[in-house]
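Input: one structure, supplied below.
Labels A, B, C, D and E are assigned to the chains in the order they are written; within every chain, residues are numbered from 1.
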Amino acid sequence: MAPPATAVPADGLPAQPAPRAPQPATGSARAWRLALWLLSRSFSSMLGLALVLFIVTLALLGPWIVPYPADAEGAINLLNKLEPPSAAHWFGTDEVGRDILTRVILGTRVSLLAGLAITLAATAIGAPLGVLAGYSGGRLRETIMRITDMFLSVPGLVLSLAIVAALGPGIGNAVIALIIVWWPGYVRLAESKTLAIKEEPYVEAARVVGASRARILFRHVLPNCLSPLIVKMSMDVGQAILAVASLGFIGLGARPPEPEWGAMISVARTYMPDWWWYAVAPGAFIYVSVLGFNLLGDGLRDILDPRSHRG
Amino acid sequence: MSLLEIADYRLAFDTFDGTHHVLDGIDLALDAGETLGIVGETGCGKSVLAKSLLRLNECPPARVVSGAIRFKDQDLLTLDARAMRSLRGRAIAMVFQDPASFLNPVLGIGAQMTDAICGQDGAQPGGRRRSRREAARMAAELLASVGLPEPERILASYPHQLSGGMRQRVLIAMALAGKPALLVADEPTTALDVTVQAQVLALISDLVRSRGLALILISHDLGVISAACARVAVMYAGTIVEEAPTQALLAAPYHPYARGLIGAVPDLDRPGSRPRGIPGSIPSLLFPPSGCRFHPRCPRASGRCGVEKPLLRGIAPGRRVACHHPEGA
Amino acid sequence: MLVYIAKRVALFGLMLFGLVCITFIISNIAPADPAALAAGPDASRSQIEQVRREYGLDRPLPEQFARYVAGLARGDLGRSVSTSRDVTSELLRYFPASLELVLVAMLLGIAIGVPLGMISALHKDGWIDHATRIFAVSGIALPPFWFGLLLQLVFAVQMGWLPTSGRLSLMTIPPEPITGMLLADSLLRGQWSTFAEAASFTVLPAVVLSLPCLASILRVNRAEMVEALRADYVMCARAHGVAPWRIVAVHALRNAMLPTLAIIGLRYGWMMSGTVLVETVFDWPGIGLYAVNSAIASDFKPVMGVTLLIGLNFMIANLVVDLLYGVLDPRLREA
Amino acid sequence: MSTPRSEAVAAMAPLVEMRAVTKRFRVRRGAFHTTEIAAVSEVDLGLPRGTAVGLVGESGCGKSTVARLILRLLDPTAGSIRFDGTDITTLAEAGLRPLRRRMQLIHQNPSAALNPRMTAFASIAEPLVVQEGARGGVLVERVAALMAEVGLPGEFLHRYPHEMSGGQRQRVCIARALALGPSLVVLDEPTSALDVSVQAQILEFLQSLRSGHGLTYLFISHNLAVVRQVCDRVAVMYLGRIVEEGPADAVLSAPLHPYAQALLAAVPRLRQGGVLPSVAGDPPNPASPPSGCAFHPRCRFAEARCRTERPDLVAGGDGERRVACHAVAEGRI
Amino acid sequence: MTGSNISRRGLMQGATALVAATTAASPAISFEREGNRKVLVFSGGQPVPILDPHVRYDWSTRMMQQATHDALFKYVGNPPELVPWLAESHQISADGLTYTFRIVGNARFHNGDPLDAEAVRFSFERGLRINKGVAWMFKDFVKPENIRAVDARTVEFKLERAFAPFMSYLPWWYIVNPKQVMANQQDGDWGQKWLTDHEAGSGPFKVRRWDAQSIMHLEAVADYWKGWPMGADKRLAGVIYRVVREPAPRKAALQRREVDVITELTPDDFDQLKTIPGVRLEDHPGMTSFGIKFNCQRQPTADRNLRKAIAHAFDYEALLQIHNGAARLQTSPFPHAVRGHIDVPGVPRRDMDKAREFLRQSGTPNGGIELEYVHVQGLEDPRRIGLALLNSLQPLNIRVRITGQPWPTMVQRGSKPDTAPDMTSVYVTPLSTDPDTVAYQYHRASWGLYYGMSHYQNEEVWRLVDQARAETNWDRRAAMYAEVQRKIVDDQPEIFGMMANRRWAMRDYVKDFRFSPVRFTGEVDLYTMWIDA
């Protein structure tokens, strides 16, 4: 059962002035407070928020807080290679003597930027196409959706693997490949959401007053698609970070000496198990950031779209 | 002794904005075989009250503040979960508003009926378990008793294959499965078309009469109440403002809200009579008006109404009203 | 229904053709010279040219494309330049291994994900719910390649409980193939010890592969259960005094299982592609490993083959889910 | 209860004229098939200028489809619709746009009819922006005037729908509909989502608007009492067809068609306890309509002819009415 | 050294746990058995896609080819010696053009067919006609029609022109059974398709199970015509080659005694395995040279002074450190094991003053350029060396872009001077000990091949190489090659790197491992090995 509707302000009918009763705050201030309240009630969402803030902070402050900034730019120190964690090197050193802590922290920026770039670009491509497909219907929709289905039917990793193999390794190419496999998801989401919104009476009302298709799409449909899009984007930043790392692990990601987590693990696995610390730190950072973005997305979903429940 | 007695029952909902005082001191009593209608507008708490009788409100956010609900001298609010479950469907049964959503879309009617029939079997100490076959036979009988032809075919079908009226009859049949003493019907015809509504109301009235059931019928439609109930209670913002024999109330309401409500209903047979709305709108239950909850909209309100909550008191035989300045008084 | 299937299959054909186009374009962007790969490191210029002719790589691209599509129609996916074998027969050899892994992982995912989802929904917003949520999200967030390595180290290297990699130990003779899946074959042939051994080899990769699947199943199942438990029909069942376990396990779960089924179908396709990472870590001789090795060698025919195969699997899984939906959801059954 | 003014214009050509309009939809039937159902069949209906025509019937009878056909929010499958002399049956959206300002729609559920992300101001301003390109101070003034007209104080200007009550939202919707000075307003169950005390206010307001602006109403409702209060004429629909049409007072006090009779009898009356089922059974499924007269399986007057032959909507009774019933035509009722 | 101290700590923990685990969990595991005989399990990271000896070779493939086939000669020992195998004896005509071989009489193919002169002739014809794999060795010198089976046990080769290294390549030409091969021919493919995963040889082992990506099971031929060196009672039942792509599990498998011999480990792994009881390391100087080839035809590296500057700035110590000392710096373009090698004076070592001096004389006296360094994707050592290079050149203000590329892409790029990378890291394994094999890399004819990516241009060197390969007098040849080495060092077409040691780790019960540097890096001769336990 639904709790009773939240308080409504007194009707402005001319009958009688309503007595001043204490009223709950209205408007966006309340919406923000409600959002924060919902978020704070959920331990896992708060954890997600904290992890994301942690990662973002590291990415922003990285170059100023790492102990050995040169280690991300090609300095090597073979005499110190594969040292275990110590006071000088909290996470130990790698196979050419670089400080793993430094590289892992500076890798945050690489991964975060890649994740954001992929997600934003995929949304920018996918969401308008999806809204267009959902609203226009007919042959245009068929075409867009069939192409989308086609891309969706090749699970991303294999296709991006092929694309990066073709374009050559490098973080830029990995990002491009992942954008290519990522946008259809947004088409799907925007399309299904649009199909639902299209049936809303307020869209019909806009048609009745003679609003053009573009106006309906951008004023009515798109803003109301935003919530699920934001949720998906939040989660996808995490997944994109993981995907970039996966390509890096296969050997198709960043090129040395750029500190990229997946590539670090790719090298580190050669040194397992005896030099375990090498693989632990980058893996843990991937885990923490993906976990953070996903938990945050979960929390946002609860706030923005309590009824949505697709995994 | 009354079959059901609700005494100073208060229920609140805790939400982000604060505590909504949804039910504020409900006093009601019902004898066996009696029919009572509860009428009120959206958000007045009538459905919450109905669900309270079976403790179906989810806690939290709901929270019982005070009061008692006694069924045959058992306080429902203090029963343990198991005992409460054994009462559900057996002592008190419920029929809901939208038959489409209250039937499980992916379970067959047969399965849902037998579940309703066997539901309490495990709950009663020493109660025997009926076999599925026995239950199916009972189900068919029940369906026949609510006027559904070809019960076997209906048992084999799924909810979406039935029409709205048939679904509501199935729900009523399920409610009757435990041979309850009290039937609570929460807006049972709101989702139905008017021709079907008439059939269902007639059916409920028949069943109540033939089985000697007590009935609580919740509705926002005075016409429906007047069709099925001898007595009516008018609710406003979580309180009962007036309680009376139905026809007496319709003829001469004491409470200004009841009067306004009746006056707002357009009459099909008297097209000239202009229905009048009640100015203002339903108050927030988060910060309900002090004193009489109706006083900000009441044409008869005095200073006293803003500070002192009127109690539901007898004003004439069989009639109670909660107003400092009742009409015609 | 036959018409429906026929339509879908026709659509598959179209989509597969589109896929072929995409993969073909991708594989020809590369500046690599596949002939050099086939000819070997010390090959002279003329040797490379000869190999180029032999593989038809000297033809203009449109002709190569036409040949590829024509071959595809016959089920011929071309020849790998690094192994000089037919991609089709290689795929037939490697696919059962991947399928076995995916199926086991899926079973794991369902067996753990569904009950956990139920428990989580029943304790919505409680600490159990948060714990399972973090567990579920971890399944998606743990890099499989990293987690696989950790598991290997802990359970295989340190504890020695389970084997590190591969499908069977060295001296075990695999059962005569029926399905190509060792677990199924050893069962069918009644070779119990082989079955046990194959199972022990499957555990770690299957666990790693199942995690994202488990997580999605758990999350969807939880959300659907929460929804179902809030639904009117559940309140109705409660009002009739139906036993709580029955409400959860029958009334609510039946409704929650349909969307869960859809996510299982979707995940099947994703897991097929997840084999790329997991098989690399566990040396599992399946299509994922085949794809990685080929991609790293710039050997594109196998990559295209694997892409198409996974695409096909994905489409079939979707079709099966749709058909199952039609059968399981009474609302969609033929009137 | 027609006003003198509406009587005066009733003689002129109707504002809207529907001729044999049919609308079929494809619907999914089971997982693997679709089928076609006729939501509206061969409807002939005129909306005389300045009158309020009620359209009544049970859910799924096609009332709302008729409304959307008149507004050309749906394309008819067959038949023709004229709006103020213009055939709008096949008019393209561009040609339709100038007409759009003359026909407006009020939805059943005001909460859904307002974009949750637009303030009252934005919603009311939209038609003015779209149709007239109004902006700046002029726009603010005109919106303020409209709000005043529907009785909403200025502080509501920047409220979002969730910050208003149902009655207030419906007033915003009405203001939006009035913005362009329409001739026709289609009201699709305008009060069914409201409580009775609010419903009375809105109905009263709608009536004063009509007389004030000389509007033509198509008033769709399942509530006969409300229709009787608001409308001059009424059409009763059953399974996509009009079965009876005529002056509201006549049809709603002495209906001729057995279905209309049943409908009227089924309404619970306030001051007479108890209700008798006037008709058995449920409305049929539009996907498999009965042969002949669609009502015959539930009709106590049904004879062999009713089962095979569909009755046409012809003049019947006092001549002001049209009825589609063999029994009425044969004088059996 | 700090490194070893620290790694020892991690090692001790790991090792203790491992020993405990293995002894507790599976004390019975030692080696695989088949009846009374043992099966040797060898594990490496490289699959064996093609068994056909005339189509493909690399270390794992050739190890299998060598085990299942015989050739006329075989390289044995260190320094490698050419031992007659199928050829019982041979004669070379005075002009160096006619080679006559007498075939042993008792060799038989695995299916029982006798191995005769015709089989030898057929195998060479097949290799040349298929024109893949080994064909390049003889293609320009031998025409198939000029090989004759004189009688059942005599084969005669008539060369087009004198070719001094002819004999040195013969061990890589394996003899296949013509009847079996031609019976399985499809579309005139000389049985290539069939031989991809079948074998038609006469070698000490035959194939029992074949899964190119994961496992190859060879079974010893009980009555191998050449007999078994360790004695028939001690010989193995067979050999399993197990592909384990990751070094870590490979190492673990050795520690757990699941495999008996492993290779392809990091230097750190080897160092660590040294201390494990029951494990023996085989550590031998290798013949595979690692060098960084400059593109000598395209600026900026076409500038000899820049090349010299880079060569003097490069940190050669890093090469040794990366290998934990298990490597030897090159002192000449020729590996030490190649005949005619000299220590060329003036081979660059790190000297920043000289480097700056050369840079000043170059076209980019202040650096400020970026050079691309390409290595084969997935190879760990070249990547690390790339990092060392990047670090070394920072003082010269030269940036290095490290690119890992798949082999075919790298080869494709290197095939033309326009597209060849500025610097390419290349391993070269000479296929024979004849200096021609190495010297020919610097010949014009090698331009564009992987070892010729430097597109080195020095007509004098080219002339000397041509002369030397036709010269039959060794002393004269040696003098020419010494000159060649000096000139190449002077031109600096590459950074002369190092030869990493070849290393295997094996259980100590594995006997008679015989090293020969002319084999490939991980390759072993399975024929002599057995298990004593």
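Operating definition for what follows: contacts are C-beta pairs under 8 Å (C-beta built on N, C-alpha and C of every residue); 3 or more make two chains touch, one makes a residue touch a chain.
Bear in mind that the values here come from a model prediction, so they are computed numbers and not experimental data.
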*Taking a step as a move to a touching chain, how many steps at least join subunit B to subunit D?*
1
_Interface with more contacting C-beta pairs, comparing A-E to C-E_ = C-E
*How far is the middle of subunit B from the middle of subunit E, if each middle is the mean of its Cα atoms, in Å?*
89
_Mean-CA-position distance for subunit C and subunit B (Å)_ = 53
_Length of the line joining the C-alpha centres of subunit A and subunit C, rounded to whole Å_ = 24
*Geometric centre distance via CA averages, subunit D-subunit C, whole Å*: 54
*Using the touch rule from the top of the page, what residues of subunit C touch 2 or more other chains?*
30-31, 149, 152-153, 157-158, 235, 280-281, 296, 298, 329, 333, 335
*Please set out, as single numbers or ranges, the residues of subunit D touching at least two other chains.*
165, 167, 201
*Name the residues of subunit A that each touch 2 or more other chains.*
1, 8, 11, 13, 165, 168, 251, 269, 272-273, 276
_With touch defined as at the start, can you tell me which subunit C residues reach subunit D in the complex?_
1, 3-4, 322-323, 325-327, 329, 332-335
_List the residues on subunit C that touch subunit A in their complex, please._
11, 14-15, 18-19, 22-23, 26-31, 125, 127, 130, 133-134, 137-138, 140-147, 149-150, 152-153, 157-158, 215-217, 219-220, 223-224, 226-227, 235, 259, 263, 269-270, 272-274, 276-277, 280-281, 291-292, 295-296, 298, 300, 303-304, 306-307, 310-311, 314-315, 318
*Over in the complex, which subunit E residues touch subunit C? Could you list them?*
14, 17-18, 21-22, 24-26, 32, 34, 39, 41, 47, 49-50, 55-58, 131-133, 135-136, 139, 192, 196-197, 209, 211-215, 240, 242-246, 248-249, 252-253, 256, 258-259, 377-378, 406-409, 411-413, 415, 431, 448-450
*asked:* Can you tell me which positions in subunit D touch subunit A when the two form their complex?
replied: 71, 73, 96-97, 100-101, 103-105, 107-109, 112-118, 126-127, 130-131, 151-153, 155-156, 159-160, 163-165, 167-168, 173, 176, 179-180, 201
_Looking at the complex, which residues from subunit C come into contact with subunit E?_
30-34, 36-47, 50-51, 81-85, 94, 149, 152-153, 156-161, 164-167, 169-171, 173, 280-281, 283, 285, 289-290, 293, 296-299
